[in-house]
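Two complexes come next, and they have one chain in common, chain A, joined by chain B in the first and chain C in the second.
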Partner chain A sequence: MLRLHYNLEKLSMGLVAAIIVAASIGGIVEIAPLFTIDKTVTIPDDMRQHTPLELAGREIFLREGCYACHSQMVRHLADEIDRYGPYSLAEESAYDHPMLWGSKRTGPDIARLGGKYSDDWHVAHLIDPRAVVPASIMPAYPWLTAPLDIETLSTQLATLARLGVPYTEAMIAGAAHDALAQSRPDSDGAADVAARYGEGVAIRAFDGDPARLTEMDALVAYLQSLGTLTAAARETVGQEMAK
Partner chain B sequence: MIRSLSLTERQLALTLSVGLTVLGLAMAAAARQGPMAVHGGMAMALGIVLVFAVGGALYDPDVTADRAGRYYDDPTRFGIIMSLIWAMIGMGVGVWVAALLYWPEATPLWPWTGFGRLRPVHTTGVIFGFGGNALIATSFHVLQRTSRARLADAVSPWVVLIGFNLFCVWAVSGYLMGSTQSKEYAEAEWYADLWLVVVWLLYFALYLRTLARRNEPHIYVANWYYLAFILVVAMLHIVNNLALPVSLGSTKSFTIWAGVQDAMVQWWYGHNAVAFFLTAGFLGMLYYFLPVRSGRPIWSYRLSIVSFWGITFFYIWVGSHHLHYTALPYWVQTLGMTFSVMLLVPSWASAGNAIATLNGAWHKVRDDATLRFMFVAAVFYGLSTFEGSFLAIRPVNSLSHYTDWTVGHVHSGTLGWVAMIIFGAIYTLVPQLSGRERMAWPRAVEWHFWLAVTGTLIYVVSMWNAGITQGLMWRAYDQNGALSYSFIESVQAMAPYYLLRAIGGALFLSGAILCTLNTRATMRAAPEGAVAGDRPLTPQPAE
Partner chain C sequence: MSRSSEHEAEIDPVTGYETTGHDWNGIRELNTPFPRIVIWALALAFSYSVIAWVLLPAWPLGRDYTRGLLGLDQGEMAVEGYKRLAAVRADWLEPFADGDFAALSGDGSLMARAMPAAARLFADNCAACHGAAGKGGPGFPDLSDGAWLWGGTPEIIAETLRFGINSTHPDTRISQMPAFGRDGMLPPEDITAVADHVLALSAGKADADSPGATIFADNCAACHGEGGTGGLGIGAPVLADDRWIYGGSRDAILTTLKRGRQGVMPAWEDRLSAAEINLLALYVARLGERDAGAGQ
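Take a look at the complex of A and B:
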């Protein structure tokens, strides 16, 4: 064995090949089975995609680096289920490019945030966290009152559709229109949003002002959608409790 | 730097500089607005500066014929300077964001400098900027000495170093402008990732070409580690960053991976960035500079073989320990945990091999702060790999995950091990490259050592306390079966630890500042045309 290595050390390409082989095996064993993910993770019937407005909010969430402090993954541990809600299922993030499970909770997990607080609370909290939670160490985001750029939403949806997220052609073509309509419940387009993305979608002026479409609208719409795209987790945990 | 190039090499460098300018122009034109356009502008500006620098010296006297008989150390010198500049940026931002966690209202109310945007500036700045430049710089030095051969050519080392630093600048400035893939330690957008692939392939080619010219039959162990670092980082980087840009003129892209598969790929990348960027490369550094500085051969050749292949094979499996109790299939979590525990064997074999190498040189460890940096690095390497295996055990992880314990663990590795071995290498290399016996301010090295050790200990101990407190508070129940603490109470409990952490980080940073100033003073005092007095380039006949 030592003799073999003694000779290997004289061959740079031999070392290169051996390193590639040794370093590939583990990754192949652990990642390759996940290519059959379509067969092992079934998408629940009630699962919906993010609306264009929520997707725009998700981009703002990424842009500001919120994921560095807020995870979106409730582990199946008793205290986490008690604190945050039903544990997260694989199918819940099946459409997430990228996933935002996170790695650190400087602030609380937000996988089940949707519906937990009012829109007004979120707006006040994002503009000045310590006005709402005096001991908070979250930074303030007053610039989120800027108007939202909706021009590129169509191409973003189209890109996600190419990666397998079920956005229809009508959704892609109407992306900018739908983003605007979701924050204007009285507009003509509001019914289109509900028709395309389901009755469960929240359609309201998230920042309190239907006249302006702001980044705040998008971010709050996204935060209010967390954990509400499917009821599968609630049902699964409910069934386990019943047993 | 340009004088060390021959006339034809200068012409090639000029062509490449023009190429970079055109590439930057094309990027800016395609994007028209947003971070990608700014980055195109940066590339263009760099290209123009290089065109003028090279063009202005194009017809300076050609290199002398004896150039082939000397090692090529200019790129190493440049890499060390860049590494220290990035240390100032990365560690400075680190201390700043650590302070923001204690004084959140100090955050300026403009978008560029929020915690979330600065955090990847810190991680990219220290890992890629400080660590990456140090790895490339030392690898050029070690490769030439252990092969007794000059670098295979004179232009590609510059392309690698300048290209790599352009990547770092693109990445970091992109985060400030809000451009990020959000994948931890791989936040840079698609075009920067493509650029890094090109740079990295050139680096790999240069490494192999130089190895092919070696005048030693055997490839020294340090080079195995540098090779593993180059190869596996390329593999990880390409697979994790596969993404579909929204359009060719758009900064924005979406990763092709989704959900649970993305999580597995991300942490396969994330943990092996630790393994092959922050461990393998630096073990290469250790295996060369520790024996050189202590004047002792590596204690066991067999142990270095066992630990090298153990690390290369085991590490790849362990990424899934970041995903315990999540929606990742249970068997993958178990595999990750099992291999994480097994990994302790090759890790401790390396650490033990390093410490046993110092046998017979302990008086030097006592007297020489530079060697002490390397000794402490080996000790912290042993400590943090033990801690890593421990934290990967599922029930332990249920407490530690998502808490500051992880942050403490990472910093015991990065401050205690990675940064210490870099400083050890820098203090060995810089005097040698400057033709001097020692650093310009030898006392400052001693000061730096104690600042670094104190800073690391304060940092790590406060984060251990913070993390364990958080983990215990989150899972505490009262007699009625209700959770004892609200989340915000656990945040309030962190205040003293966050303050201590900022102080520990500031001490470490002040040591690094001393190192930078000391390096500057040493390099400035170098006599013109100083060459390192070290191993002869080609084997000398026996006397």
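Take a look at the complex of A and C:
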């Protein structure tokens, strides 16, 4: 064995070939499951896409680097189920490009955040975390009250559609309109949002002011949607519990 | 390459190691062998990985993967662990499931065991809004001051917890302070007059004959009660005291009157078990009792 290596070391091309073979085995083990991901990760029937407003919020979440402190994956551990709820399933992030599972938790996991707090709380907390949680070490994001840019939403939806997220032509064309309408429950467009994305979508003035569409509206809409896109995890873990 | 075949193993006399046979102007390079311990460590690691492949889920096979002889599944293991956790708690948590609050609070030893867990639940789920000690903050009511919107008995609190207030739950409690200013229900001068009356009520110096008092009786008493004594059952706070949700300054009261208020308390039915909700209800009821007893 060592002799073989000794001789191989002296054959430079042979060594290169051997390195490629050895490294490829590791690579293939990691990559091969992705070739069949469409078959191994089945999209739940009740799974919905993010609305354009939530998607805009997701972009802000990325821009501000929230993922550096908050993971979005409840792990397969008893105490995580106890604290956060059902463990995360791969299909829950099937429409996420990129996924935001994260591995660092300076703050809590937020995969099951939707509905835990009120919109008002999120607004107060993002503007100044210390106003509601005196001991918090989370940074303040007071600039999120700036107006939201909705110009690029259509192209963003179109890009995701090419990656396989089922956004229809109508959803892509109406993206900016839907983003505005989701924050204006009394507007005519609100019914369109519910029709396109499902009755479960929250249609509210997330930042408390229906007259202005802000980055805060988008981010809070996104936070309130976390864990609510499908009930699959709840059902899977529920079945396990019943066993 | 040709050199290796020419090269007869040459031993360095000082170290006893082979040399590579390379010769640079009389300088030779030692071919120090790989340390034994590293070779052993490698061999050990390889054998461990082979054992692990056999016992644990390992290699991908197209649509499936090798499951391993132990048949372990992290999801199942986590749920089993969670069930064990629940079993450990069952003897003091389960009694809370039926919600016979009188019997429960009478059982001193049960309460003594359960209250630390209630404090933990409160810290995890409620403290972000109501504060670590339940003292509230701007927009989030103090739960320890004995002044209630809906009521402070464990039964009523448990229902508030299950369904929430202005939440997305279909059975939510609903309350709203109308936007008298924005919706044009009162002219600005009446709003200032009634705000002054509210301040006077709170200070205990209300003048029943003032114009503010008349406006209050006509527009506010239906919800807040005659003299601002509160409307339990519709979630309207007592105004004739010095406890405020949104602040007791003249500005804060004017803002309330102009823009209205509709605080949201989330529903907990889907996040907490019935036993946990009842446990928390008793905990919160006691926050109130403790303070009301101490404060007055």
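Basically, the second predicted complex is superposed on the first by the 222 of 243 C-alpha atoms of A that agree within 3 Å, B and C clash if a C-alpha of one lies under 4 Å from a C-alpha of the other, contacts with A are read in each partner's own complex, and residues count from 1 in each chain.
Simple rule for what comes next: a residue touches a chain if its C-beta (ideal position, glycine included) is under 8 Å from a C-beta of that chain, and two chains touch if they have at least 3 such contacts.
Nothing here was measured: the structure is a model prediction, and the numbers come from that model.
Legend: residue contacts after superposition of the two complexes on their common chain; A:M73 is shown touching chain B, with no touch to chain C. Using the contact criterion defined above for the overlaid structures, shared-chain residue A:P139 touches chain B, although it does not reach chain C.
Counted by residues of chain A touched, the larger count belongs to B, out of chain B and chain C. Of the two partner chains, neither chain B nor chain C is touched by A:M47. Shared-chain residue A:L2: touches chain B and chain C both. In the superposition on chain A, A:K10 contacts both chain B and chain C. Touch criterion not met for A:A161: it reaches neither chain B nor chain C. Of the two partner chains placed by the overlay, only chain C lies in contact with A:Y117; chain B stays clear of it.
Using the contact criterion defined above for the overlaid structures, shared-chain residue A:D82 touches chain B and also reaches chain C. When both complexes are overlaid on chain A, the residue A:V29 reaches chain B and chain C alike. Overlap of the chain B and chain C interfaces on chain A: residues 2, 10, 29, 33, 35, 40, 75-77, 79-80, 82-83, 133, 135.
In the complex of the two chains, the chain B residues touching chain A come out as 100-102, 104-105, 107, 109-111, 114-120, 175, 178-184, 208, 211-212, 217-219, 224, 227-228, 231-232, 235, 239, 244-247, 250, 252-266, 268, 276, 302, 305, 309, 312-320, 322-329, 332, 335-336, 339, 398, 401-403, 406-407, 470, 474-475, 477, 483, 487-488, 491-492. Put simply, chain C touches chain A in their complex at residues 1, 4, 34, 39, 59-60, 62-63, 65, 74-85, 124-125, 127-129, 131-132, 137-140, 168, 263-267, 270-271. Within the complex, the chain A residues that touch chain C are 2, 7, 10-11, 29, 32-33, 35-36, 39-40, 75-83, 85, 87, 115-121, 124-125, 131-135, 202, 236-237, 240-241, 243. The touching residues of chain A, counted against chain B in their complex, run 2, 5-6, 9-10, 12-13, 15-16, 19-20, 22-27, 29-31, 33-35, 37, 40-41, 59, 62-69, 71, 73, 75-77, 79-80, 82-83, 88-109, 129-130, 133, 135-143, 152, 155-156, 159-160, 162-165.
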